Amino acid sequence: MVLEQLAVNGIIAGSEYALLAIGLTLIYGILRLIHFAHGEVAMVGAYSAFVVSVVFGLPLIAGFFVAIAAGALLGIAVNRIAFRPVRKQHILIGLITAIAVSILLQNAIALFFGNDIKTYNLGAVEKGIEVFGFIITKTQIVIVFTAVALMLLTWAFIKKTKIGQQVRAVADNRELAESIGIDSEKVIACTFAFGSALAAAGGVLIAAETNLAPMMGLMPNIKAFAAIIVGGIGSIPGAIFGSYFIGLAENIGIWFLPSGYKDAIAFFILVIFLLFMPTGIFGKKKEGIEQ
Amino acid sequence: MIEAYILHLLIFICIYAILSMSLNLITGYAGMLNLGHAAFFGIGAYASVLIVMAGFPFWLGFIAAGAIAAFFGLLLSVPALRLRGDFLAIATLAFGEIIRSILVNWTEFTRGPLGIPGIPKPEIFGIAFDSLWMYFILAFIIAAVAYFVLRHLLNSNFGIALKAIRENESVAASLGKNVNLLKMQAFVVGAFFAGLAGSLFAHYITFIDPGTFVLGETILMLLMVALGGMGSLEGSILGAIILILLPEPLRFIGLPSAVVGPLRQIIYAAILIVLVIKKPRGLLGTQWFGGIVSDSN
Amino acid sequence: MKKVLLILKNKYFYRLTRGDEKVNRRIILISAAVIAVGLVVFFGLNQMGLAGLSAPEGAGGTVKIGIMLPLTGDAALYGESIGTSLELAKEEINAEGGILGREVELVLEDSACNANEGVKAINSLVNLKGLKLIIAAECSGPSLTAAPVAEDAKALYLVAVASNPDIKYAGDYVFRIAPSDAQQGKDIAQIVYDGGFRNTAVLFMDNAYGEGIAGVFMEEIGRLGGKVAIKQRFNQDDSDFRTQLLKTKETGPDSLFVVGYPQAYQLIIKQMYELGLNAQIFAGDTFKEASIVEALGDKVEGAIFSAYAESNSEEFRRFKEAYRKKYGKEYGPYGDYGYDSLYVLKAGIEYAKSFDPEVLKEKLYGVEYRGVTGLTKFDSYGEVDKPFGIMTVKDGMFVPYEAG
Amino acid sequence: MIAIELKGISKKFGGVTALDNVSFKLEKGKTLGLVGGNGSGKTTLLNSITKMVAPDRGEVYFKGKRIDKLPAYRIARLGIGRIFQTGGVFKNMTVLENLLVASDGKRENEAERILKEVALLEKKGKKAATLSGGQQRLLEFGRVMVRNDELILLDEPFAGVSAENSRKIESVIKKLQEEGKTIILIEHDSARIKRLCNQIIELEKGSIIRRE
């Protein structure tokens, strides 16, 4: 009973992390860059759904699609403003612009929406459904299934579409890809759009389950970093696996540890993996690691 | 009045100059992207405060702050030897968060989130550094010593070897450079100075809590390093000066209460983006750092 | 001496510049930095001249009051509500002729709920802008780091809201119009015990506020003879409390005492119901936030929490109405204390007939001001002994709790 | 006296055999020419000696002492220096610093004397990136000289170098030979090999197919 419930808690958390982790790993794969503002893209997504569903009174599903579109556009804009101009620079420079973008977005949202808590008004809180010895709410079921659906969509995008192939080609070897006529800047923009759209979708799901605040994207994004390291950086199945791994480890971990260490668990796993299994579970290359 | 304000800023500049110089040693010179520097800062602060408040003299707490931080630097250098580029960045980030978690949860020792109030101003061999002027003199002397020690180190064979490693590790090894040992030394020395800065900070501000030594602090230090120029010690000082002073003029923008905070942050972030894009090598950096870019070989 | 300098110059300057073609640029830039420092000094001095209050006793003109608030960071929500309430008080006061005939102007500074930023903010207010009257409302970190700076600058430091008991000893110029956490933890523990609850789970935020109240609460409940079923910390940015709540559920408590920010309350109670955990909810004073009830509806019905305000007075109703009229929404958490703080300062100044902190710090002890938050009367530490109100949620409204 | 000896060195990258059971001995003071087509394993052979790659099997002896278990920097400290095919200078460091980094504690005037020998003295304060390909190669020779290495591994030192600098490099090599240094030279130009080398080994697909 307890273990099942812990597992379900972990899976819900993992689904939320996964949507951020996929975008992060795609962007890392193509640019070798940690996108520090990815969580803020998710946050902006959540707020755009809020505008549609609460301010204009449309159903949340409409807000969800608007958020996806807004996320994609924001992704392109972030790439254009903060990453493209420093593409050829030192890695730290990209990191700094990403951090600056994250500060910028957090405060822009705080400026427009205020710092008070917002929710989607999804109706009264009710007790979850009890099945197989665990309890899960309708919203949580929707979250898990939407996350899985979006993962399948990502798989189709990467494997089946032409642009997906190009993304893989650029991620593999940018110079080579350019030499066979792929416009790598366009591919990068598409990757940002796609990854950011996923993050925005994730933001809406997180907000539906919890609530909206300007800082809401920060922690999930850091957890998503941990997830992609565990799964093997650059690998999409790895990112998904890692997300669930981190979600489960956190929730099962604090059953045994004082709960104040909840966040430390993810970081501890991260360090262990970096030291002893730096390629992660699904990683192929010994990338970034001393030989 | 105004003098107190200026002195306060100068003390902060001294403390942050030590931090950014020490981070520059690790990141700019040795090429290891360290996102856990605030943890060394915090370890130094806590070590010094706990030792001094247990009744030991300030100088002992001060030295111990450096030594204990250096010990953690040694620990963190273990992953630093195996990881490269942003992998190392993530590992050090995790290290910082783990240290913060310990400071929060180990309440018997650190008082946890309540923090430690009433930290005494230092007294060294009978001289009390309790006025702003005296404290500034102390901070300035320590910052100056830190600068000359680091400058001396970097001008020695150690510094040249670090540069060589940052450029190309295998070529440096082929010239007999023990790459791992040098990196480890850089980490330990960097952590040592960050620990000293922590002690200096804690006894100035008189209250510390785990919330002070977080990722945001490390990012501020990194910004100082990047702004001044990676691999430029003088640049780090300049970076500290600019980033401590930059928010100050923004305090004079009179705005309604609900927008003043966020807007200030937005302006700050925008200035950073523009600066970094226009001057990606920092104001004093003259070099191109192929070494840190995670080349996948 | 000259020789030493020469050696130093050769040793460092030469080597510093060895092989570097950009020496000139470097020197220019460093001098630019020095000039920048100089400019800030100039800027500061200039500003000081403009900063009013050069003659605190003088009549006419404006009186500038420095306000330290968390406008960004974790507690920005409170900064916003306190700031807007202060703004309201200012407008009212100015509409009625200001304080001793002088118009009030508020100078806001962001303390970001961070010890480090707090020091910078207070330095800017008292040392750079030369303000002598400060109202602070913020987290414990900045209040503890800022109070000594205000004390050194001989500026009156009136704390509207800050939780930490240590502020009591911060100095002669430091006053606080809100009761401290120690009181709150005790009062709520008494209510828990009187209500017949003997097995209480405690869930609190890992910052000074949560730790402070929960610590006193647990001590007091033990003293009274109750039992703490389980104590758990959570991070103030957390949004997933399911496993903590599951752990709580396994210990079978009859009541749950939660201390956090409104966001955490909302999520904890929501997830608690979803997981089928039923226990009487007790909470800290941060609970008094309309959005919690809005989001949770009847699920918070009957929750009991400590509260600062004496919420049925005439003054309170007038404030509530005025705020709604000006901003078109309900006042936010601690807005009442922000609002009162300016009036308390006004009362003090009018009582002392002086803007001088030296005079005020003596005269404030004689002030008795009945406002939105009840009677403000300082004890010899500059603290108030307002009793904590205990409130509950009834029909979606916050009302005073009556036992039985 | 045998300066360097390789016994049965083998190395595979993935499924590709780079070196297959390579063995040879080289006496002190002699120069060995390594020839063979692209991908025949010449550079990998040098890398196996300096431990830039670890061989899968086999042993390496330097002056009778087994060295293949040592880390790269320890091997270098025994007196084995090399000149890389590409990327051997630290481009963002000055010419002088490039020498100082190799000399560990030697004085600057010693480094300057050597810069004079490789005709780079007037460039000493310039970034190495500003040097031409041949000058960069000469700088690497300077490094080997300042370290006073006994065994010097040269990976195509003449590739892409102007005729004038080639002459300079050749005279530097001759000078090193006169000083009694042991040299392994990878080179395509057979005339030059004949001029400079005492022994020749030809590699193909990682195996020795000819010895002279």
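Note that the chains take the letters A, B, C and D in the order they are written out, and that residue 1 is the start of every chain.
Convention: a contact is a pair of C-beta atoms (placed from the backbone, for glycine too) under 8 Å apart; a residue touches a chain by one contact, two chains touch by 3 or more.
Since we're looking at a predicted model, the values are computed, not measured.
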| item | value |
| --- | --- |
| Most distant chain from chain B by Cα centroid | D |
| A-C or B-D - the one linked by more C-beta pairs in contact | A-C |
| Middle chain, criterion being Cα centroid separation | B |
| Centre-to-centre distance between chain D and chain C (centres being mean Cα positions), rounded to whole Å | 69 |
| Whole-Å gap separating chain B and chain D, where each centre is the average of the chain's CA atoms | 41 |
| Whole-Å gap between the CA centroids of chain A and chain C | 34 |
| Centroid spacing, where centroids are CA-atom means, of chain B and chain C in whole angstrom | 29 |
| Multi-partner residues of chain D (each touching 2 or more other chains) | 97 |
| Shared-contact residues (touching 2 or more other chains) in chain B | 104-105, 258, 261-262, 265, 288-289 |
| Multi-chain contact sites of chain A, meaning residues that touch two or more partners | 107, 110, 114, 258, 260, 263 |
| For the chain C and chain A complex, residues of the former touching the latter | 72, 74, 76-77, 79-81, 206, 232-235, 237-240, 242-244, 246-247, 250, 262-263, 266-267, 269-270, 273-276, 289, 291, 294-299, 332 |
| Sites on chain A touched by chain B in the complex | 32-34, 81-82, 85-86, 89-93, 95-97, 99-101, 103-104, 106-108, 110-111, 114, 222, 225-226, 229, 233, 258, 260-261, 263-264, 267-268, 270-271, 274-275, 278, 285, 287-290 |
| Complex interface listing, chain C residues touching chain B | 12, 15-16, 20-22, 25-26, 29-30, 33, 36-37, 40-41, 43-45, 47-48, 67, 69-72, 76, 79-80, 83-84, 86-87, 106, 108-110, 112-116, 119-120, 123-124, 126-128, 130, 140-141, 144-145, 148-149, 152-153, 164, 166, 206-208, 210-212, 215, 233 |
| Residues of chain B that touch chain A when the two form their complex | 27, 33, 78-79, 81-87, 89-91, 93-95, 97-98, 101-102, 104-105, 219, 222-223, 226, 230, 258-259, 261-263, 265-266, 268-270, 272-273, 276-277, 280-281, 288-289, 292-294, 296 |
| Interfacial residue positions of chain D with respect to chain B in the complex | 50, 52, 71-74, 76-77, 81-82, 84, 87-93, 97, 100-102, 104-105, 143, 147 |
